Amino acid sequence: MLKVAVVGASGYTGVELLRILHCHPEVAVTCITSEQSAGKPVADIFPTLRGRYGQILENLEPVRVAEKADFIFTALPHKAAMEVVPTFVKLGRRVVDLSADYRFSDASVYERWYEPHMNPELLSRAVYGLPEVRRAKIKGAKLVGNPGCYPTSITLGLMPLLKQKMIDTTTIIADSKSGVSGAGRGAKVENLYCEVNDGFSAYGVGGVHRHIPEIEQELSLLAGEAVTISFTPHLVPMDRGILSTVYARLAGNTTAADLAKIFADVYEGEPFVRVLPAGSFPSTAHVRGSNFCDIGVAVDSRTGRVIVVSAIDNLVKGAAGQAVQNMNIMCGFPENLGLEGLALFP
Amino acid sequence: MLKVAVVGASGYTGVELLRILHCHPEVAVTCITSEQSAGKPVADIFPTLRGRYGQILENLEPVRVAEKADFIFTALPHKAAMEVVPTFVKLGRRVVDLSADYRFSDASVYERWYEPHMNPELLSRAVYGLPEVRRAKIKGAKLVGNPGCYPTSITLGLMPLLKQKMIDTTTIIADSKSGVSGAGRGAKVENLYCEVNDGFSAYGVGGVHRHIPEIEQELSLLAGEAVTISFTPHLVPMDRGILSTVYARLAGNTTAADLAKIFADVYEGEPFVRVLPAGSFPSTAHVRGSNFCDIGVAVDSRTGRVIVVSAIDNLVKGAAGQAVQNMNIMCGFPENLGLEGLALFP
Amino acid sequence: MLKVAVVGASGYTGVELLRILHCHPEVAVTCITSEQSAGKPVADIFPTLRGRYGQILENLEPVRVAEKADFIFTALPHKAAMEVVPTFVKLGRRVVDLSADYRFSDASVYERWYEPHMNPELLSRAVYGLPEVRRAKIKGAKLVGNPGCYPTSITLGLMPLLKQKMIDTTTIIADSKSGVSGAGRGAKVENLYCEVNDGFSAYGVGGVHRHIPEIEQELSLLAGEAVTISFTPHLVPMDRGILSTVYARLAGNTTAADLAKIFADVYEGEPFVRVLPAGSFPSTAHVRGSNFCDIGVAVDSRTGRVIVVSAIDNLVKGAAGQAVQNMNIMCGFPENLGLEGLALFP
Amino acid sequence: MLKVAVVGASGYTGVELLRILHCHPEVAVTCITSEQSAGKPVADIFPTLRGRYGQILENLEPVRVAEKADFIFTALPHKAAMEVVPTFVKLGRRVVDLSADYRFSDASVYERWYEPHMNPELLSRAVYGLPEVRRAKIKGAKLVGNPGCYPTSITLGLMPLLKQKMIDTTTIIADSKSGVSGAGRGAKVENLYCEVNDGFSAYGVGGVHRHIPEIEQELSLLAGEAVTISFTPHLVPMDRGILSTVYARLAGNTTAADLAKIFADVYEGEPFVRVLPAGSFPSTAHVRGSNFCDIGVAVDSRTGRVIVVSAIDNLVKGAAGQAVQNMNIMCGFPENLGLEGLALFP
């Protein structure tokens, strides 16, 4: 059994890791930390865990955590992650970090959108953990920067088009919609039930969301050229799920059938990407609680554009599930181990 | 008191008309029809009306309706509307039709997207009822084709940009999101609570939604050139509201401040359009139940695009409220009469 | 025009008062206060008001408020209300207080469930503002203690049974369910969207909720004897609405038809109580945004119990709407003035 | 591997069985039937299954089903179940029937509340499948009548009190609240999103719901005397979950501490019942998607009543999960096999 720590377990990503790991047959969770609630039983914070997780939440003392666990998930805010990850790495622990701190190959990009990086030298050793793009590198990684939720949905939606150079990369617009869990568990008026329920809104309009450089890093790599996109996130009155609607001008004369074939080819054998049949489009409801990314594609022949619609559960394929998928790859487990849970519907 | 009929009152648009008209001081509702439920008290179908509407739902016999009412709202499906509207018009009744049947100036466009038109000669006499665009013509109209919900939100969002020729009209993408009431009150599995709740999905992807020709008709008129757009509607787990996020390439060097001024100028004095301050963006929650269209604008300087976000209540400014606004204009009432209800929040 | 102040306008009850008063033809809102947000435009706090309320939120200086307004609504937390209401009363202003501070005739009851009362001498001059029970007294009142939301729904549900001595008053159980707006607008984790959505829970179980003494005060008065009840509140994932299901053993042989007649008789002529036909039961969806209390009654002949189901909008008939109804009565306006808005459905 | 059939897989209970069985290590689903959708891939009906269930839905031909499977779940409406179950039993297949058809020991009770029974002789061989009450009998059973969702939540809530004779059984009132999936997947206006969302209502008021005789059968058995209850179901705007609030007069002087001990003792070792600590009460959100029944207990010393609050997921512990739990017991698998999935939260 692999001894695993979940660092930062009082948020929604933390509890989702615990939910998934409970059914993983090769894992024992040996350490759970939370700065806010240290000393309390984790099941007091998340009653869903009652009867199955008896652990007390611990303070985050990196050396102690490393003593207790061989594999560490850090589910901390950015900055808090880079304060402790170097210790874990130095002590030889394998780490999947779910913050933004190890997602960028270029420290200056991180610093432009976030803040000064405390250990930029680690960036070259970290692997961006999108298995569909760089499974081989993840296999040998000691430190994985787990992708953001929006970047996962958009990159998987565009990968086949970019690889095959099917689109004019100056025309990409990604209009994304997220459930409220993406905003975290902080006590803010704007995330109260009555503020969110039965309403829909945009935020971060005008190219200012911090996921943009991450998306552009990945798209540029896939395209083999610098790609700049327009990206607008929105808030949907639902707990979980991200749906991205991505628009681009087709480079040549391409039919829906061509596209379907390309998508099917690129994703053949992928355990967690499902390309829908022509004319079908995904719903976040159909991936809720699962690690799938569902993708539908259409051609708008009137305007010469392709429209890709992709859906994930932001807490699973967009966070904790993908983190466990990365762990499976890093540790040589079957990639889908503990991740076969189908969506809860309804 | 103006004697008013609501024809087709068993759907959500019908009951919304009755809700609004109940507080209109110059109106008496003298006739309510429903093919499905004729003979039953309207308050049995919609318990919200109990104690205030004692009427029995009648069969739709056009001549009888015209005898009872001087002003008629037809809230019927398309095709059903054009079967009765000519009679109302011939008998000298003023009509606001909420279907698509009288929204197009060119019958062939209607016929390409819908079906053969039964009285195309009426189209030239009908006025497209978007007051912010053609208030003067509505004033003298006998027959108004009340705009669709998506077209209202997108046209109001783009009008200032098109009038001022600020954008490259070949680059317009409208990504719209609607509450479930837009799908009507038919008993369909896909609109069941458990199918819709806590999920988000796209539909009509690829340029196939019937509101496209209506939107393009209006945008082309405003632009003074033929405009083709990409439009994707989505379904939001909420009762009411449409939010449209519209993207276009800016034609020149335009700042957010320029745009704010242009929007403020164009909509100055408009009773129901609220241009939000720079950096603020609308939520459907803030227009729920009201006749407002809220608009926010941003410039994405990284990509040279403008992003307009507009929000309406699809049943009010997108249907029944706009219909009453048109009635007020046609009848010489103050335009906001009976429409001052603020949004229900939360 | 009556000059009206809304004191404490940054909560959901405050904004609901502003929403309702905007359509009241005899009222001008001349002063709006908020301790949290003084100095900011009220429309910045509640964008629903934009374009209609241009006021800046003021600090709560009682003498200044009294100078600006002849009628004052205090929408403050308990205790904060009794710090300012005496000043308003002393200066001759009429007041409807929406807190618990002036609901009790017996200061010791208040003090047992809340805290020491700062001006118990005012209690005898305050009138409990449930118009269906004591309209005449409200008419002459200078200070009205506006009823709580749960007490309104339960008292209206039981009044006919108690007046007619139809039930064994030792067997009353009230199981109530409330929307989330009842919990206020404070930034608390437990009221976050993701904590509340798609879940249902009880709270205050075991006879500990502070509305119990208020309910028992009113029921005892109606019964002419001391009444003790079991009361359990629950939280429903919805914005607004309270539905109470009330059980009691019938005292004699009473049929559903008997009960229907008694309810109809007692509530005949009441503008805002709707007794539903036999076999029909209310939904909070049918009173959402309106001032109605809908009531349905059944007899369970197997167990000899009556079951009363009553529904209100907690922010309207349970707070702001009832407060305006009280104002109308106190000021001699038609009781339904500004309160004719029908429920927003869907 | 046990070959399993799911008969009647186009409803929410059917798809929930498939979701759970997919992660059950001892089971292979070899046959899936649906009258409505025979011939179509099951993943077309439920896109959540795509990529994991390739099966085509079959017609329900009992002999053929029995040839393909050793263990059969019938997820059919009542009456449809008793048309096919006898064939399965005769052919030696073990069956868990999720309808009401085999829940009653007394055919006349079934016939009073449902309709004539077609094979009453089978009732004596069927075991009511509530493992916490009669695990031993289930072990040897060939045919299990899987309990209803309301009965499961209420019986588990009351079992300790009845076994220990703590309450006056003439005073039991069960006020239950259910998510919308309990109403099934039929295309009915009343279950449309817009009819249900943001509202709360009672139904089946007055002792008329068909789960009453089932509840009373079980409570009477536990109490050792005939028990009659008042039961009112309600509809909550959420997908899943049942919460029951149960009231009864305490027979003697019993403290909350006494009750806590009794509940803890009775449920010690139960894999799926979690008794909450004193002062804590369950939420359906904390059992969503899991097989747990969470129970909280309070004493109302003012009225001498005990209040028990119990929560389950109606589709899991209230249907498909309990059915699999029964299968595990019948087949000698560990009782929790495939059922360890924790609640999806948020």
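Think of it as A, B, C and D in the order they're written, each chain with its own count starting at 1.
Following the convention adopted for this analysis, a residue touches a chain if its C-beta (ideal position, glycine included) is under 8 Å from a C-beta of that chain, and two chains touch if they have at least 3 such contacts.
Since this is a predicted model, take the numbers as computed values, not measurements.
Trainee: Applying the touch definition from the top, give me the chains sitting in contact with each of subunit A and subunit B.
Mentor: Under the touch definition, subunit A and subunit B have C, D as mutual neighbours.
Trainee: When I count C-beta pairs in contact, which pair ends up with more: A-C or A-D?
Mentor: Contact tally favours A-D.
Trainee: If you take the mean of the Cα atoms for each chain, which one ends up farthest from subunit A?
Mentor: Looking at centroid distances, C is the chain farthest away.
Trainee: In whole angstrom, what separates the CA-based centres of subunit A and subunit D?
Mentor: So the centre of subunit A lies 36 Å away from the centre of subunit D.
Trainee: Roughly how far is subunit C from subunit D, centre to centre by C-alpha average, rounded to an integer in Å?
Mentor: So the centre of subunit C lies 38 Å away from the centre of subunit D.
Trainee: Would you kindly tell me how far, in whole Å, the mean C-alpha position of subunit C lies from that of subunit A?
Mentor: Computed value for the inter-centroid distance: 46 Å.
Trainee: Multi-chain contacts only, two chains or more: what residues does subunit D have there?
Mentor: Correct list: 12, 180-181, 194-198, 237-240, 282-283, 286, 288, 346.
Trainee: Would you tell me which residues of subunit D are touching subunit B in their complex?
Mentor: For this pair, the touching residues of subunit D are 12, 180-181, 185-189, 191-198, 237-239.
Trainee: Where on subunit B is subunit A touching in the complex?
Mentor: My answer: residues 171, 173, 175, 177, 179, 194-203, 205-207, 228-230, 232, 234, 236-241, 243, 245, 247, 256, 281-286, 288, 296, 298-303, 305, 307, 309, 311, 346.
Trainee: Mind listing the subunit D positions that touch subunit A in their complex?
Mentor: 12, 15, 18-19, 22-23, 46-52, 180-181, 197-198, 239-240, 274, 276, 280, 282-283, 286-290, 292, 294, 340-346
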